[in-house]
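Read through the structures below before going on.
One chain, chain A, links the two complexes that follow: it is found with chain B in the first and with chain C in the second.
Entry: the complex of A and B
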C-alpha cells in the first residue's frame, strides 16, 4: 500500500518537475512582463500571475482555450513538488541543513504570497484635500453600485453591489425591504461629454443632466487612466418601479429616493473600503531639489482618529515611511491639485511579516549551504 | 630575473596610466582650470563649471565635445566660456547633432545614411519655428508611444533650450559688455530708488533715473526665464535655494538691498576681460573671485574641486585601456609562455582594478551615496564586481581564465557606462523614492552583484564552448576547471540575486505597502533568480553536465541583459525612471550573438576540436565520458 503511494507520488518529487515548473515560470513572467506594455501592470497581474491558465480566445467565437499554465498552477505545482521532495527524501544531516532552511523559507514565501493574493484585495487609494477627513479608501480598479439608507441617526447603512454583478439585464435582490435593482443598461467604461458633442442625436448615450451625457468607451488599460462605468438602473419595490436613474462613476452624484418611508440614496462610484478609523490631511509638502523640478520628498502630515481605540494623534507619512495602523498600510503614492491634495495607497496585508521571516530563513540556508561548499573547496585546494 | 618581468611590465603600465591621470600642466594664458573649478548649482547639486560643460555637451552630441566653427575640437571649459561670455562665437560652433533623417529633412539636409550631422545654433535659427511646432505636436503623444522622429525633435528642442539657458547664465546674452552693464546698474540703483520713493510720495523726481531703474528691473525680470544654472552664491540666505541665485535674482535683489552682490560683479569683471581678450585681467578677476569663495563658502568648494580633478583624470578610460592590455597578455598566455604572460596579465588586472576602484570610490564620495544610483553607475559597479570575482578566480586557478574574463567584462561594462554617460549628469540627484542609502546599499548593490556574477558565469561558459570547439587547449583539467568555475560563480549569482530580490520586496513593502507588485524590474530580477534555480537544479539532477551548464550560463547573459536593460525599455511600472531607447539595437545584437554561441555549443562533441585533440592524445579513451563526469560530491545534495 505504502509502496503504491510512494510510486504514485514519485513523479511529484522529481527534479525534472522542478525544472519544468521553473522554466514555465520564466516563460510566464517573461510573457506577462512584455504584455504589461499593452494591458498595464494590474491587468497583466490578473491574467498571467493571479490566474490558473493563460487563455487564448478563438477569433469570432468567444471560445477561450487554455494554452499555458498560469501563476497559480505553476506556483502550486512547485509548492507540492518542493514539499513532496522533502518528505520523500527527508534525512536530517548537516549537509542538507542549508537546503532545508532555504526551501522552508521558499515554501513560507510562496504560501504567504498565495494567501495574500487570494484573500486580500489590496489595492485602494485615499485621496484627501487639505483639511479633508475620510474613513474609507477607494478601489483603483473596481466600482460599486451603492444603495445607502440615510434614515439612521448616527450612521448610514450601505449596501454595495460589486461591479462584477453589473451587466445589462441583471436583476439583483437586495437583502432589505424587498427592494430589487434592475440594470437596464451598463457601459463598463464611459466618457462624460457635453450633449452638443454627441456624434448624432440618436447616438447611444445616457443622459446625466442638461450639461452631461455618458457615452460608451473602450476599456482602458493605461497606467494613469481608470475605467469609469455608467449605468441606467431602476429600483423596484414589490414589483413597482420606484425610480430609474442614469448613473456614472466618473460623476458620482447620489440620487435620492424614498423606499417605504425611508430616505435612501443610490450612487455608482469607485468601490469603497471603510475603515474603523478616520484620517485627516493637515498639510502636504512637496520638496524639490534646489533650482529643479526633481522631487526630493513628498510628505503628508495627517491626523488619525479612532474613537474605539482612544487614538487621536498626528503622524507624518512620507516616501519610504508609511503609516501602519490596524493592519493597514498608508503610503505616499502621489499628489494633485497644485500640491494641495495628497494620494495615499492603502494596503491591507496581515501577512506582511512573512516575507521577512522567509527572507531570514533563505539567507541563512544559502549562507550555510554555499558556505559549506566554499569551506570544502578551499580545504581541498589547500591540500592539493 | 624572469620572476620580475611580469612585475616590471605591470608596474610600468600602471605608472603610465597614473601619469595620464595627473592633471595636465596648465598652459600660459587663460586660467581655464581655475574657471573650470568654479562651483555652480545645477540640477540640485553643486558641480564645477567643468562638469557643467561636459554634461551639457553630452546632451548635444554623442562624443560630448565642443567643436568650434573652424572644426577644431576645444577644451569643454573653453567652450563653456564662449557660451557664457561670448555667445556670438559659440552660436557658430557645431554643437548640435542630428541623425534622424526625418528631422534632417526639415532642414533640407541631404541623405545622411544614419550618420550624425552637426549644426550650430545659427544654422538652426531659421528652423526654430518649425522645431517648436513639431516638438509641440510630438509632446501630445504619450512618451512610451513616441516614434524616433518625435523623441528626436523633442530632444533637439530641449538641447536648444539648454543652450539658450546657458547663454543667459551669468549675463543677458544681448548685452555688448555685461560687466559694464552691471557697473552702470550699480550706479543707477540708488538714484533710481530715490526717484521711485519720491514719485510714490508725490514729490518731484528725476524722470531719467526713474525710467532707467524701471527698464532694468523689467530686463532682469525677463532674464529669470532662463533660470537653469545658479552661479551666484548667496551665503546670506542659505535656506533659499540652498544659498544660490541666478544672475537675474542677484540683480533683482540688488534693487531691494541697494547693492549688487560681489559674485555678480566678479562675473561682470570676468565677462569684460574675456570679451576684451585681456588674459591678465581675466586671471586676476578669477583669482579675486576664488579668494572670495574660499572666504565665504569654503565648505562648498571641496567637492567641486575633487570633481574637477576626477573629470580631468578620467580613471574609467585609463582602466579601460589597461583592461585591453590585460586581455592581450592573457590571451597570448594561452599560446606562449603561459606562466610569465599569465602572471603579467593578472598583475595588470589588479592595477586596472585599483584604478577602477579609485574612480568608483571617488564617485561615491562626490555623491554621498552607495555605488549604484542609476543605470550609468550600475554599469561601473557591475564591471567592478566582476573584475573582483575574476581576480579571486585567477588567484585560485592561475590559468588566465580569470584575467580574460575580468578584462573583457571590465572593458565592456565601462564601454557601456561611457555610452550611458551621454544621457546627462551621472551624479544626478535621486528622486524621492530612491532617496534612501540603506536600501540602495543592500537591494540595489545586491542586484548589481548578481548581474556581475551572471555575466562572469556566462563568459566562462563562452570560453568553455570556444576553447572546446575551436582550440586544442581543451584538456580534461581545463574543461573540469571551467565547469567548476561556472558552478561556483552561478552559486554566487544565485545567492546575491535571490537575497537582493527579496530585499527589494521588503523595500517595496516598506515604501509601497506591498511585497511584490509584478513590476517589470521586479519581474526581471525574478527571471534571474528562476534561471539560476534552473541551472543549479539541472546540475544537481544530472540533467545538465559541463557543456549543458555552459550553454545555460550563456543563456543567463540574455536573461540578465533583459533584466538590466530590456525592462527599462518597456517604460512601464514604478521602476521606469531609468528609461533609455538608443540601446535597443545593441541589446538585440547582443542577444542574437548569445543565441549563436548557444547554437555553437549544440554542435555534436565529435566535431569539437578540443575533444578530438584529446582523443588523439588519449588514444581510444572515451573523451565524452571525461567531460561528462560530474562532481559526485555535489549530486549528493538532494
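Entry: the complex of A and C
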C-alpha cells in the first residue's frame, strides 16, 4: 500500500515541478501586470491570480479555451509539491528543523491566503453623507437583486441573488413561498438617459419611468468607474407572473408588490453587507495647509451604536487610524460632495494574523538553519 | 545547471522513499482539502438573511398606515404633509403621493418624484408640463421670466404656475417645484382645477418649504451621479 502511494506521489515531489510552477508564476505575474493597464487591478487579480486557468475565447463563439494555468492551479500545485516533498523525502531530524519551520511558514502563507481569498473576500465601502446612519457597507464591484419581505413586525427578510446569476433567460427559484424570479433581459452595464436622448425609438432600452431609460453600455474596467447593471425582471408565483419591472442599479429604488398576502419589495442595487451595528457620520473634515490646496488631513467623526453590546460612542477615523470593531476595520478612503460625504473602506479579515505568523516562522526557520550551520562551521574551525 | 540541481534527488535510491513510512491518510487529507477548496470556489449562491426593520421617517408615513414608501430606506429627503392632504398609495415612480378634495367632487393630485442627474433638463421638463395643459412650449428666455427662483435649505428651487388657456373647455392648473440636489432632480407637482389650486396655494408653498435634503445642493456636476467613484484620499 505504502509502496503504491509513494510511486503515485513521486512525480509530485519533483523539483522540476517546483521550478516549472515558479516559472509559470513569473509569467503569470508579468502578464497580469501588463493586462492590468487595460482591465484594472481588480479584474486582473480575478482573471490571473484568483482563477484556475487563463481562458481564450474563440472568436465569434462563446467557447472558452484554457491556455495557461491561473493562480489557484499554480499555488495549489506548489503547495502539493511542498507537502509531498516533506512527506516523502524529508527526515524529521534536528539538522533539518530550520527547513521544516521555514517550509511550514510557507505552507501556512499559501493556505492562509487561499482561504482568505475564497471564504472571506469581504472588502466593501460605506458611503455616508453628513448626519446619515448606515448599518451596511456596499460592494464596489458586485450587485445583487434583493427581494425583501417587509411583512415582519420587527425584521425584514432579505433574499439576495448575486449578480453572477443575473443573465438573460435565467430562472431562479427562491427559497420562499414557491417564488421564482425570471430575468427577461439584463445589461451588465447601463447608462440612464432621458428618453429624448435615445438614438431611435426602437433602440434597445429598458424604460425606468417617463423620464429615464436604461441603455446598454460596454463593461467598464476603469479604476474610477463602476458597472451599473439594469434588468427586466419578472416575479412568478405558482406559474403566474405577479409583476414585471425594469430595475437599474444606478437608480436603486425598491418596487413594491404583494406575494401571497405578504408585502415585498424588489430592488437591483450594489451588494450589501449588513453589520450588527450602525455608524453615523457626525462630521467630515478636509484640512488643507494654510494658503494652499494641499491636503493636510482627512478625518471623519462618527458615532457607533451597537445595542447588543450596549455600545454608543463617538470615534475619529483618519488616515492610518482606522476604526476596528467586531472584526471589521473602517479605513478613511475617500470623500465626495464638496467634503460633506465620507467613504470608508471596510475590511473584514479574521485571518489577518496568518501572514505575520507565517513570516515569523520563515524568519525563525532561516535563523535556525543558518545558525546551526554557523555554529558547526565555527566549531570545526576551532578544532582545526 | 538544472540537471546539476536535480542530481542529488535523482541519485537517491528508490528504497529510501519507501522506508519513510508515508502516511496515506495525510495525503488523503491534503487532496480532500484541495478538492473542497476548489469545489467551494462558488460564492454565488442565493443568500437569505434577516435585517432589523429600517426606520421609516414619520413625515413620510401615510395616514392609512399600510403604505410602505418604496424608497423610505434610502430616501434622501423628508417633508411634512399639510393638513387636509390625504396620502395615496405610491406608484412606481412616486416617492410621495397625495390627494386633496375640493368642493363639488373636484380633487387635486400632488406627486413627489426624483430622477438621477438633471433628469433631462429643467426646460424640457417644464415644457412637458405645459404640454399637459395644451400650452405651447416656451424658449429658455421665456421660461426664465416665468420661473420663480428660490432656495430651500441652500438647494436651488424653481417654482412655476401654469394654467390652461381661458377658452379651454377643461380648465386645469399645475403648481410645480423643481429642486436640484447633488445627485438628483426632485419634482413636486400639484395638478387640478384652477380654483382648488388657488385655495391650496399657500399649503403647496408650505409643503415645498418643508423639504429637507440629506444630500446638499448640486455642485457643477458633469458625470451622471453614481457612475464615477468618489475621490480617493490617496489621490488628493
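Here, the second predicted complex is superposed on the first by the 344 of 384 C-alpha atoms of A that agree within 3 Å, B and C clash if a C-alpha of one lies under 4 Å from a C-alpha of the other, contacts with A are read in each partner's own complex, and residues count from 1 in each chain.
Note that in this section a contact is a pair of C-beta atoms (placed from the backbone, for glycine too) under 8 Å apart; a residue touches a chain by one contact, two chains touch by 3 or more.
This one's a predicted model, so the numbers in the text were calculated from it and none came from an experiment.
> Is A:337 touching the first partner chain B, the second partner chain C, both, or neither of them?
After superposing on A, A:337 lies in contact with chain C but is clear of chain B.
> After lining up the shared chain so the two structures overlap, which partner does A:361 touch, if you call chain B first and chain C second: first, second, both or neither?
After superposing on A, A:361 lies clear of both chain B and chain C.
> Answer with first, second, both or neither: which of chain B and chain C does A:298 touch in the superposed model?
Both partners.
> Could you look at A:319 and tell me whether it touches chain B, chain C, both or neither (first, second, both, neither)?
both
> Please work out whether A:74 is in contact with chain B alone, chain C alone, both, or neither, and reply first, second, both or neither.
Neither partner.
> Touching A:89 in the superposition: chain B (first), chain C (second), both, neither?
After superposition on chain A, A:89 lies in contact with both partners, chain B and chain C.
> Would you check which partner chain A:15 touches, where first means chain B only, second means chain C only, and both and neither mean what they say?
both
> Which one hits more chain A residues, chain B or chain C?
Of chain B and chain C, more residues of chain A lie in contact with C.
> Please work out whether A:194 is in contact with chain B alone, chain C alone, both, or neither, and reply first, second, both or neither.
Once the two structures are laid over each other on A, A:194 reaches chain C alone.
> Which parts of chain A are touched by chain B and by chain C alike?
In chain A, residues 15-16, 19, 89, 223, 295, 298, 319, 333 are touched by chain B and also by chain C.
> What does chain A use to touch chain C in their complex?
Chain A reaches chain C through residues 1-3, 5-6, 9-10, 14-16, 19, 52, 72, 76, 79-80, 83-84, 87-89, 91, 114-115, 118-119, 121, 127, 129, 131-132, 135-136, 140, 150, 152-162, 164-165, 172, 174-176, 191-192, 194-197, 209-212, 223-226, 228, 245, 250-256, 263, 265, 274, 286, 295, 298, 319, 332-338, 340-341, 343.
> Chain B touches which residues of chain A in the complex?
Per the stated touch rule, the residues are 15-16, 18-19, 22-23, 25-26, 29-30, 32-34, 36-37, 40-41, 44-45, 49, 85, 89, 95-96, 99, 109, 113, 116, 122, 223, 288-292, 294-298, 319-322, 329-331, 333, 345-347, 349, 352, 355-356, 358-359, 362-363, 366-367, 369-370, 373, 376-377, 381.
> Spell out the part of chain C that touches chain A in their complex, as residue ranges.
My answer: residues 2, 5-6, 9, 12, 17-18, 20-24, 26-27, 30, 34, 37-38, 40-41, 43-54, 68, 70-71, 73-74, 76, 90, 92-93, 113, 115-117, 119-121, 124-125, 182, 214-216, 219, 224, 226-233, 236.
> Taking the touch rule as given, give the residues of chain B at its contact with chain A in the complex, in rising order.
41-45, 144, 227-228, 230, 241-242, 244, 246, 396, 428-429, 431-433, 435-436, 439, 488, 491-492, 494-495, 498-499, 502-503, 505-507, 509-520, 523-524, 526-527, 530-531, 533-534, 537-538, 540-541, 543, 559, 562, 567, 570-573, 633, 636-638
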